[in-house]
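My structure is below; once you've seen it, I'll send some questions.
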Amino acid sequence: MALANRDLGAVVAELAAVIVAHKAWLSELDGRIGDGDHGANMAKGFARAADRVAGQDLTLGAALAILSDVLMGEIGGSMGPLYGVMFDDMAQALEGRDVIDIAAVDAMLKAALAGVQAMGNARVGDKTMIDTLAPAVAAFATHRDKGAEEALARMVAAAETGRDSTIGLVARLGRASRLGERSRGMLDAGAVSCCLILTALAGSLTKRLD
Amino acid sequence: MALANRDLGAVVAELAAVIVAHKAWLSELDGRIGDGDHGANMAKGFARAADRVAGQDLTLGAALAILSDVLMGEIGGSMGPLYGVMFDDMAQALEGRDVIDIAAVDAMLKAALAGVQAMGNARVGDKTMIDTLAPAVAAFATHRDKGAEEALARMVAAAETGRDSTIGLVARLGRASRLGERSRGMLDAGAVSCCLILTALAGSLTKRLD
Amino acid sequence: MMQRFLNDPDDVVDETVRGFVKAHGAQVRLHPSNPRVVVSVDTPRAGRVGVVTGGGSGHEPAFLGYVGRGVVDAVAVGEIFSSPTANSFADAIRAADGGAGVAVLFGNYAGDTMNVKLATRMVAKEGIAVATVIANDDVSSAPLDERDRRRGVAGEILMWKIGGAKAATGATLEEVQAAAQKAIDACRSGGVGLAPCTLPAVGQPNFTIAPGTMEVGIGHHGEPGMRIEPLRAANDIADDMLRIVMVEHDLPPGASVAVLLSGLGATPVNELYVLYDRIESGLAERGLRVHRALVGNYFTSLDMVGVTLTVMALDAELTALLDMDCAAPAFGGW
Amino acid sequence: MMQRFLNDPDDVVDETVRGFVKAHGAQVRLHPSNPRVVVSVDTPRAGRVGVVTGGGSGHEPAFLGYVGRGVVDAVAVGEIFSSPTANSFADAIRAADGGAGVAVLFGNYAGDTMNVKLATRMVAKEGIAVATVIANDDVSSAPLDERDRRRGVAGEILMWKIGGAKAATGATLEEVQAAAQKAIDACRSGGVGLAPCTLPAVGQPNFTIAPGTMEVGIGHHGEPGMRIEPLRAANDIADDMLRIVMVEHDLPPGASVAVLLSGLGATPVNELYVLYDRIESGLAERGLRVHRALVGNYFTSLDMVGVTLTVMALDAELTALLDMDCAAPAFGGW
């Protein structure tokens, strides 16, 4: 894998399109055990970021930095800082890179996980986006020797498994934790949005490899 | 008619008994076109007055003055001042009288009407207690030559007719006047309580004549 | 089932007054012999005109919350939505009397009028001079040519403030009465109700506002308004209320007004500001300047959802009296 | 059908802030470039520590109502029940900075914590020193040995008052932080909900309280409490709330406390006094003296029916700081 790191602003637009398309679904999931605004929060931030990157010739890092700025600056709640830091740290991991190779993606994913964990202190099993992100990042690292396409596919599969694992979990963080046992049996909205993002990212990168 | 004006405190107790017995009915009537507290207001005041006159050797005037004091002092709303003034002015009309004769009753009733009209400025047809009181007082005056028993009976009959006339009236005063046309078709609570009082008073006096 | 904080409904007024005096003991005290009279700790002031008001309960912080320095000296407290007794008005008048007479400033309700009349008769025997002003700021309650039939609503608060300030200047009874009369004459109020209130002793709403509708011109006890119509957006309601209260105000551009926007008990505080945002814009469009705005639960109706808007036209005298320092529980202050 | 005063639900926060700034323009102003930041007209004060807070909307008059002289210098405003953005917290901090650092005093909610953390990082680059205190006065939200998981509720108001007063004395950032921390450590709060609230954008209650029941220990957004039980008489509820907040207070007879009893938005004002009557009696029975009581809609939850009780233990320092003069829209004052 070796993607020229330019004209990649569209990747953020592609992430945004997926999030916006799933706005209602994300809010419905959050409504079951949270306050029902996850779709609105996410769609607002991602759509604004898509507007800003539109028509610009950007590196992936620069595009992700814009997405981060919008999330941190304009979206409150928990998602602003959590996804804001995630994309900011991803952007920083790509700094100075002319090509996006497997090592770059690996560094970027590891930075994403470290950023979200530093900000939110969640661990696997708390029923949050970390349940998607952590196994996904680990899967990519484990399979990076198999080539970009395969490693990305493994990442997506791990993200999906992680997302689905939240059904059986009791929320220990965030608004859903108020419900205790009653939070079991439902998907976590953040785990779902994180899986959508990772899947879209994998798709965007894979598509450009062809 | 010539009733010794002593040991008549019981008359107020008899009025109170009738009012207390009709508490729920008076409130229900007031509830239809007013605020539903007429029975409670009246029963509270009359019961307290009955307590105060109990076991005392009082003239009718003194007993009515106590009733008036309780109503004016302890019952707010419109009933405190309206009935308060009515009984106060009745008491004043009896001042210095050793016997309760037809002239005394006539003076007492005329004072009652004048007092309520001075305080509340209601006229016949406004759908208030005046619709009971005014024709009752007039009937007594008209028939006083026929003797106490007959005049009191005429007064009661006129009070009942006056009370029932309120069914066809639209309220022009008090809370019920808010309803305009919607107040037609219902008895006025104050007209009913006033009829109860006049009827009980006639009964108490007639009984003592025998 | 009422979802409310109540003990025996018959005790609610006594408990309210007791809790109020406990909470605001630095400013007010209970009358020593009448538990339905609340008196300012600054009262009586020898040689000064006393200011008294009173009315039914269920409108908290009105009436008792306006007892304080430079506002009301003593207040008579009635049952829920029912006039105080003549005795209570009389005791309030006696407590407020500093030898220069007492101005009783109250709302235009039959019971209050009669009980004040009786109380005045009682204290006259004791040589206390009483002057009265009857508030009639609610424009929806009767046409302009029958203004003496209009009820008093939240404009009373501004009347008390002006009357209390005038009394604090050392004015005579006639001057205090004139200032309070001028204040209420300068006020126009209108209310809108979105959901009815429930009297503790009754346990179910004492009138109906169908969901999806609102009652424009509603009174402070749920008295029917001018019209029932479909519930509209806050901005439309604000525009409508402003029209209703401004129609009788003939103010030149550049004139100043005071605005009081009170919730009726169960209206979320933020929505009062949503309405105020639009109301002030509407006043600005008319070229008017808001000299002072009061937004909050100043004059309520138990748990009614709704608001009352009062606009008071100001001249130099009213402005000066309005701005005079004062302190009362309902006005807060640290 | 929501019987509420609303336009487009998406605009409710902007409209609220705009209306608020219009109504209280003598005390507060809007940040020139961030419509989600409200700043005291007295701010910044050169050489003085700034005090900042912020939180979700729907709690009016919190948070923005506590901006004023001697309390909070600037506030960041979030969406309904949602943390303000990091940018807004950063802009509030910048606006409050007079060169001596800024104390950010906020409630223990994940979003607020993260956004303040981010904001602190942003302004650190500009050389602004930030110290934080996280309020955790809600005793029902976690056991005592997990106090750092407890949420902040109405006790925040007393924390802001103490922190603002300390800053007004010219204290250092560390001293202001220490005083605010001491204030919130001295506070215990507990809430009771009788009816749920409805978010404008949602249009139906976001949780359920069955008629005839109540939720003891409810949070300010309807977070489930300690227990759901049959609705009881006001006195029983008052006793229960007092027990809940006093259990961790170990105060000798003769000690002084401050009491804050706040309605949650749709609670009739008189019922707050009914509860307060009993609460003060309960404190008196424990030999405690109420130095200052605040009763009213100080920290609400949209149209929730319910109350929060906060009891703060006072020592000489807290008493002096609590009594210091101040002025803010939510504290009223003429």
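Order of writing sets the labels: A, B, C and D. Residues in every chain begin at 1.
Everything below uses one rule, namely that contacts are C-beta pairs under 8 Å (C-beta built on N, C-alpha and C of every residue); 3 or more make two chains touch, one makes a residue touch a chain.
Keep in mind the model is a prediction, meaning the values are calculated, not measured.
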Partner chains shared by chain B and chain C (touch criterion as defined above): none
Between chain D and chain C, distance of the C-alpha-averaged centres to the nearest whole Å: 29
Distance from chain D to chain A - Cα centre to Cα centre, in angstrom: 34
Chain B and chain D: spacing of chain centres that average the CA atoms, whole Å: 56
Numbers and ranges of chain A residues touching at least 2 other chains: none
Touching two or more other chains - residues of chain C: none
Graph class of chain-chain contacts, one of line, ring, star, complete, other: line
Every chain pair meeting the contact rule: A-D, B-C, C-D
List of chain D residues in touch with chain C within their complex: 1, 3-7, 12, 15-20, 22-24, 57-58, 60-61, 194-195, 209, 211-212, 214, 231, 233-235, 237, 265-278, 280, 290, 293, 295-297, 300, 302-303, 305, 307, 325-327, 330-334
Chain C-facing residues of chain B, complex: 35-37, 40-41, 72-78, 80-82, 84-85, 119-120, 173-174, 178-179
Complex contact set, residues of chain D against chain A: 56, 78-79, 81-88, 110-111, 114-115, 117-118, 199, 201-202, 206, 219, 221, 223-224
